[in-house]
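Order of writing sets the chain letters: A, B and C. Residues in each chain are counted from 1.
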């Protein structure tokens, strides 16, 4: 071999060595980047885990409620004042008196008036209403003497669930009575149906999320009914039909900006336009839905346009080339392709709206409302606002209810996202 | 030269040829317009067409006659405007923002760019096949049936079935897909997809079929099948094909037009373009000596 | 440089192949020319030995023809030339055939020379041998012109050749015509006369092959087929 031919070989070896030399450093960097990524994910997941664990540990006890068992004498003289057994007569009965009598009978040593009042406070005021409902539903119970599990007061509930740490406002005497009840097994926890059945209440043991759930449901219904057609129509127009000019650029920029506007501003807008100008009812899911529509519309338009953009232009060309009009092209070919993406965006927008608080505060959905709303114009509150309200309450029992309500909200959000994923899978699998 | 003058010149050439008892096409090269046609053999007639994209001019003063029931190939380097010009024939350029077309293109003496001309019936008469096979994400049957249904060409389901079968047969695809008409069109191979697109185009009985590099995404065997199909379709349809492959132009077309920087440099019988082109630029391009 | 356009082919290998083809054809032309010069010498010395050398010398020309032909086939298959390139390859293929035939004619003359010498006495006092030798010189000049025309794509000169207007062509044509008439007039030895006729016919055919080369060059350059006109 001539020297000339050997020369590049030497050079090549030098290059190879240089590459090998740098390889170790390159691999180190690769590893570092990978570790950094894994670290970030671990950190994020651990934050999520901490949040979930603390929420569950705090909120799980709210799903059980303490009850006290008492021997009640359902005296017809007290409970059926008119003596005819009619619904009206039964409803007017002195159930609280029956309960008080039973308590006095259980603890005969209590004589003083102050002590009696403390004794009566062991049972929730709601217990009398529950008893009344039971008797009205089943008048046969009149005259009987039997044991009933009665809803305990929230302080008793906390004491029973958390021991000495809970029920800080209980007196020594009350604790003593409760000990004796516990000793004979007359105090226990049951699943807290009231939490899902009741509206809000000043008494923690009576407070539930049904009102807030109904309010959220009605508000989201309004939001969906308005923002989906409007958003889809706007997205289609902007993406498929609008000419590119300064005017549509302006509209586009504004839609993008709208998505970034703080949500409370929408609340102010709602207050000014829907309440003050249009005179719509305060605290109503209708107005809440309108405000949430304003908020979710940009999200839906933006995701909808992205979904339309993702449809390959060759499909449009194919349809146009065969003589379809632009509208036929959009509705026969483009929209079906874009729909899963659009629906995903819509559901994510809805989830956002479900979790929104700030704009609703401005239109009075923050009021204390006991009744479960029956329609779009009834005063109502929504789940996140309910959480906000409870988090603000001083009673310890409201703390666990706050956590429980957050868990319910999270559950709904996860469900909605799940639906979004399933929808996308289902539609995209078609071809 | 004014349009009228040029047409008159062609007329006289043709008439002289006819008077001489010469029924073959006269061998007269008349500048870029190439060998003139007998009047009845012209399907599309473009005169002084200019196309602008905003400020930029993509097509400059192109005049050409497209013969009936023959294949005309447009060749030229990338960006020479051949695809743009092709899209003038069914007004696909309408969909492009800022695109402006001047001049006249006559299909049976109707100016297709006239304001009163509706693109929907136009595109039913001038079908198109695109570079990338683009079947609809629907079944094979629906792919073919969509056009006829759109234009109301089939009165009953039986009519439609027949139309679908005929179109697929004519596209040479029937035997391959007759057992799976409900299968998605996007599940076919690339070559089959392209033939499906051709079947879809002929299902609405167009007079002209425009093909924009129909084989650029296909392998040689699939390409050969499509070329064979084009050769068969020539009996019924006027075909204009844009292609980057000069061999393909040589194989399938009867006439070839060479475009360069938005101008029509030369159009003539394909064998002449590929053995002895009149223009130096054409020569340089086809022999691969393009600067 | 091949071709009239200043730009080369995008594939430099293409141009390289084309140049190689031209070189091989010119080499073949050179071989035929050598044969003609040798034959001219043989005529001058009246040497059957040299004439035999000419017969021997035909074999390398034949093998060169085969070589060039297979190269042309491979060019067609691999490069798929079109336009002017296609005409160039086709014309070259024809020129190769003409050269081979020209070579054959020279061999034919050499064969005649080996069998029997040409008649001593001519019609107008010139010796037929000297006459043939002189005409052979014309033929060499014409071949040189044809090869130069091919090398330089000189269509104008080729047209002159096709029109039969070069002085050598005119002289060659006239003398051949005269000599043929002369052979008929002077009834001498029949064998001698036939031999002489064969030589004259080969000369005439050689001239036609050279003329054809010019026709092929015209086709190459202009695309017009001027044969049989």
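FYI, contacts are C-beta pairs under 8 Å (C-beta built on N, C-alpha and C of every residue); 3 or more make two chains touch, one makes a residue touch a chain.
On a predicted model such as this, the values are computed, not experimentally measured, just so you know.
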{"item": "If a chain touches chain B and chain C alike, it appears here", "value": "none"}
{"item": "Central chain (distance from its CA mean to the mean of all protein CA atoms)", "value": "B"}
{"item": "Length of the line joining the C-alpha centres of chain B and chain C, rounded to whole Å", "value": "50"}
{"item": "Computed distance of Cα centres, chain C from chain A, in Å", "value": "102"}
{"item": "Centre-of-Cα separation between chain B and chain A, whole angstrom", "value": "61"}
{"item": "Chain C - residues contacting chain B, complex", "value": "3, 5, 7-11, 14, 80-87, 222-223"}
{"item": "Contacting residues of chain A [partner chain B, same complex]", "value": "243-244, 312, 314-325, 328, 332-333, 337, 430-431"}
{"item": "Contacting residues of chain B [partner chain A, same complex]", "value": "90, 92, 95, 97, 119-124, 127-128, 130, 132, 134-138, 146-147, 150-151, 184, 186-187, 197, 200-201, 204"}
{"item": "Chain C-facing residues of chain B, complex", "value": "246-247, 250, 274-277, 280, 282-284, 286-291"}
